[in-house]
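Note that subunit A is present in both complexes that follow, paired respectively with subunit B and with subunit C.
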Partner chain A sequence: MIARYIGIAVLLFLPMPIIIVVLSSFTSAGYLSFPIKGLSLRWYAEFLGSADWLRVLGTSALLALIGAVVSTGACFAAAWAVVRHKIRFGATYETILLAPLIFPHAAIGVIMIVTLSSLGWLGTFSGLVLVHCILTIPYAYRPVAAALRKSDAALEEAAASLGARPWRTFWMVTLPAVRPGLVTSLLFTFIISFDEVTVTLFLVGPFVMTLPVQVFSEVLESASPIIAAVSAALVLFTSAMVFILDRVIGIQFFVERD
Partner chain B sequence: MIQTPHIPIASIVETQNLARDNTPAEPILSIDHVTKRFDGATAVSSVCIDIMQGEFVTLLGPSGCGKSTLLRMIAGFETPTHGRILMRGEDMSHRPAYDREIGLVFQNLALFPHMNVFDNVAFGLRARGRTDGLKAKVQDMLALVGLDGFDDRRTGQISGGQRQRVALARSLVTQPDVLLLDEPLSALDLKLRRQLQTELKRIQQETGITFVFVTHDQEEALSMSDRIAVMNAGRVEQFGSAVDTYHRPATEFVARFVGETNLLRGQVQAASGGRVTLKLDNVNATVTVPAGDSSLGLGTDVAISIRPEHMTLGTGTDQPIAATVLSHSFSGATITYALDSAAGRLLAQVPFQPGGGHPLPAKASVSVGWADTAVTLIPGKPGHSQSDMEN
Partner chain C sequence: MARTLRSALLLAPSAVLIGIFLIGLVRLIASSVLFDGQIDLHHYVDIMNRPDYIAMLGRTLRTAALTTFFCLLLGYPTAYYVARYQGNRNILLLLIIFPWLVSIVVRSYGWVVILGPRGLVNGFLMWTGMADRPLKLMYNDFGVVMGLVHVLLPFMIIAILSVLMQISRNLEEASMSLGGHPFYSFRTVLLPLSLPGILTGVTLVYLMSTGAIVTPLLLGGLGDTMIGTEIFQEVMHFFDYPKAAALATVLLVTAMAVVLPLQFLERWLSKRLTDGAPS
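For the complex of A and B:
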């Protein structure tokens, strides 16, 4: 009985910060507070009316889009080699691909400062793309490899024995079979990249800035409720993505073992 | 035992397919000294088989004997390490799978899960760009395998036997020169299996397409095949008609693998007039049996194989081997006795005579013999141990 109350309490507590952020974004006061003073949409208007905020929103969206496509594409190729062609040291490659998951983000940040400045890419959009690809690859690899393992290699052989050339087999048989994995990978890596703060914080500069990092630096300088409005928009956006994911593939896909 | 191709049912096999049959002397498929090695292990060892147009040939053997590897080389998924695979005299060894006119029914069927039955069957025609009259061809083929009206079903919504038929229709609709079947019935229960065996045979005869069927089930092989290639450890031990495979096994392996048998070992004592006299090991008996095709020197190690149903049981001493009954099993028409003798464990299957009294009790003394024509003489191969398959 007690365990049940604790369970309910935890379930109520988990979404609490989100609820508070969303509620406080509707304040009419000029400072961040909770409970809110009066109801207003002025901070949303300010967010959407600000060229600076829209610019970083655009940067983040483009960065996440490119990162998602590149990571998913690269991971598909990698998973193809490991799963289908059973290349030597395949398991080792898999471990390396998943390494960014366990590597401390602060350390990655420092390493990337050194790496990007030697490339001359520090504080540039290309630099961020590179780093976000590295960070999202583990999230792309798992669903893609799992989908490829689940789909039977005999399907491709069957297509070949029926006279389908390799490209036709790829489009008509392989791709439909791994589509759930690819969609999962695209959406997941997009979300991860779009929300990334820790490593990006090391690498932004006067010429390039992402939305979550902008929120972070804003919060250090002021306590404007516009941050709450931006955060609420981020929450809404991420929830929408997860909702689509659930509708298209089903959340079950992430829980299943590969 | 070459099957003359039947006249195919209308519209399923085009007439050009028949026109090509005018050269019966040339095999449609030749496996020419094919060897396949994987990382030093030899999966298939110098196999030679010629298959004629319209034949139903079975590759029979235990798992790991190389039959599936051979099938994959014919399909084009593996390349032979040595040797050639010829179709109508043309070397196919290095041609990719999609460029061969060879159909394949997979063990797990490999139906495309994201397509309905119609699209599965139509896949091959679309891939080869033969879209003229596609709908009619697919529907004729579905009718042939007994699946009219199943066009829109998802492959997940139909039964195991129906999935089998879809797989068959999918690989037959392109009218391949040869259809390979990789143990397609092994996942089905016995009753459905028997039913589909009959149907496979019917479809093969109606379409006139050459079938190469892989199985480890000797009964299946005997009941369906025109010719059987019995494989063991990467080699073909015997390639011949179903009747010969059963009644004239060429090696001990074939005798043991295809059906039950009694193997008695001995040495040649005398040979004359097409008959040889053997001194049997462990038994104080000499027997004289037909020599068959083999010419054997005196003292050569040989074995004779006699099927249980050709053994005769007596109570006197008129037959060569004395034995005692261990147990019996009754199966309606026959009784099978397990017997103990100095030559080892023997099986004898005798017809059950109604009103002929009870089966012989355990420990009863009997003598065992056989009909002269039922004996197969198998030349012993020194060092050719069969122990690997007996485990």
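For the complex of A and C:
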């Protein structure tokens, strides 16, 4: 009974600050306040009219796209070796791939500074790509490995015994079977990378900046409602991704254990 | 042989990425203890000799402990409610997953809008006349813990919920039909079975609150630092990388001291529970 009251309160509490940010973006005042003073879309106009904000948005989208493709590809290959080739110490390797999850973000930030500065990639786009690939590995591995485990290797053997060449078997039999897992991994890692801020803020520089880090530094320095408009755009983007994820694999994917 | 080679090629991309991370980890620790090729612990001695750093470490651990405690206190009942919900559970899941995937910058900023001097709470208090000037609700420990609990609560709920969904409701009902008081059934049946989920949730929330930067900085300001915000300042304002490396190592050690035992306990429990269960 108590669980029910706490549960309902918490479920209403979780989206509340997000809804308030979105509502406050429609203010016509020059400073941020809630409840808002007068309705207007001026901060959206300012956001979409600003070359700086749009460039940062483009950087974040490209970064997340490359990161999602690379880490999904790397994890699909690894999962193939672990699940299909049944390599020795496969379970141990899976644990190692999850390693970035058990380190505090502030420490990962400094680890990445050390790594990128030794490569001469600090403050570059290539450096951000490398770091985002590493950070998204644990999120990519689970869905692709689960999909491979569920798909039936016997079907591939049947296709091969009927004379299909390995690549044809892969395209016609394997890929359709694991496609939901791959799409889930791509979307999930795209969101994680697009929203990442704690590690990335150590690695940006005068020549490269991501959207969440830009929002973060603007909040520290000013109280302009344009931040609320940019945040609302981020929220809209996340809603779209959650909607697609729900369609592709179902939202219960996030609370399933394998 | 060809198969071994193919396996190695398949593992290569992920091994390179994780390898770069692990090499970076070793170099981080090395850079904090080496100076001109000699072992030199003066950064650590400095940290231990500065009362403000000791206070900062204490504040970090206290904030992380409070955040973890409140996340568990609110997260467990919520997970239980969702797991036992009879209607369309997907809508409830959406209310957890959607906020979880919105950037922590946006969610922490939401708390700035709520708790700030011109924010929702102060606006309401002044409108009703309960306060005649804005209350200081952020730039203190209250704001930081509030923000961290909100940002990290979904991790706790998801960890516990994924375990609770697997536990059959029949077990609870069997215990109660045999005369067990609901709380007795909870303590002797549900709680032990859901312990792995609790441990995973506690691990994640503790880890992310000790290493947090964005939420403490936006809601706590630069005054009362935590270890994450201190590292951020050493790097971004003082460019003192060895000091930042030493602080990051201290953070790693404090986190691992709690996380590793919890992880081993979780593994051991999960294994025991699955071995004992009839499948």
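Operating definition for what follows: the second predicted complex is superposed on the first by the 250 of 258 C-alpha atoms of A that agree within 3 Å, B and C clash if a C-alpha of one lies under 4 Å from a C-alpha of the other, contacts with A are read in each partner's own complex, and residues count from 1 in each chain.
Heads up, the rule we're going with is that contacts are C-beta pairs under 8 Å (C-beta built on N, C-alpha and C of every residue); 3 or more make two chains touch, one makes a residue touch a chain.
Please read all numbers here as calculations on a predicted model, not as lab measurements.
Novice: Looking at the combined model built on subunit A, do subunit B and subunit C fit side by side or clash?
Specialist: In the arrangement built by aligning on subunit A, the partners subunit C and subunit B fit side by side.
Novice: With the two structures laid over each other on chain A, which partner does A:208 touch: subunit B (first), subunit C (second), both, or neither?
Specialist: A:208 sits against neither subunit B nor subunit C.
Novice: Between subunit B (first) and subunit C (second), which, if any, makes contact with A:83: first, second, both or neither?
Specialist: neither
Novice: Please work out whether A:231 is in contact with subunit B alone, subunit C alone, both, or neither, and reply first, second, both or neither.
Specialist: In the superposed model, A:231 contacts subunit C only, not subunit B.
Novice: Does the superposition put A:71 against subunit B (first), subunit C (second), both, or neither?
Specialist: second
Novice: More residues of subunit A are touched by which partner: subunit B or subunit C?
Specialist: C
Novice: Using the superposition on chain A described above, determine whether A:152 touches subunit B (first), subunit C (second), both, or neither.
Specialist: first
Novice: Is A:186 touching the first partner subunit B, the second partner subunit C, both, or neither of them?
Specialist: Once the two structures are laid over each other on A, A:186 reaches no partner at all.
Novice: To the nearest 10 degrees, what angle do the lines from the C-alpha centre of subunit A to those of subunit B and subunit C enclose?
Specialist: For this superposed arrangement the angle is about 100 degrees.
Novice: Touch test for A:110: subunit B only (first), subunit C only (second), both, or neither?
Specialist: The second partner, subunit C, only.
Novice: What is the minimum C-alpha distance, in Å, between subunit B and subunit C after the two complexes are superposed on chain A?
Specialist: So the smallest C-alpha to C-alpha spacing between these two chains is 12 Å.
Novice: Where on subunit A do subunit B and subunit C both make contact?
Specialist: On subunit A, the subunit B and subunit C contacts do not overlap at all.
Novice: Touching subunit A in the complex: which residues of subunit C?
Specialist: 3, 6-7, 9-15, 17-18, 20-25, 27-28, 31, 74-75, 77-78, 80-82, 89-90, 92-99, 101-107, 109-114, 116, 118-120, 123, 150, 153-154, 157-158, 161-163, 165-166, 203, 207-208, 210-214, 217-218, 227-228, 231-232, 235-236, 241, 244-245, 247-249, 251-252, 255, 259, 263
Novice: Quick check on the complex: what are the subunit A residues that touch subunit B?
Specialist: Counting only subunit A, the residues touching subunit B are 152, 154-155, 157-166, 168-169, 172-173, 176-177.
Novice: Which positions of subunit B touch subunit A when the two form their complex?
Specialist: 75-77, 96-100, 102-104, 106, 108, 110-114, 123-124, 127-128, 170-171, 174
Novice: Which stretch or stretches of subunit A touch subunit C in the complex?
Specialist: 2-4, 6-8, 10-18, 20-21, 24, 31-35, 70-71, 73-75, 77-78, 80-81, 85, 87, 93, 96-97, 99-100, 102-115, 118, 130, 133-134, 137, 141, 191, 194-195, 197-198, 201-202, 212, 215-216, 219-220, 227-228, 231, 234-235, 238-239, 241-242, 246, 250-252, 254-257
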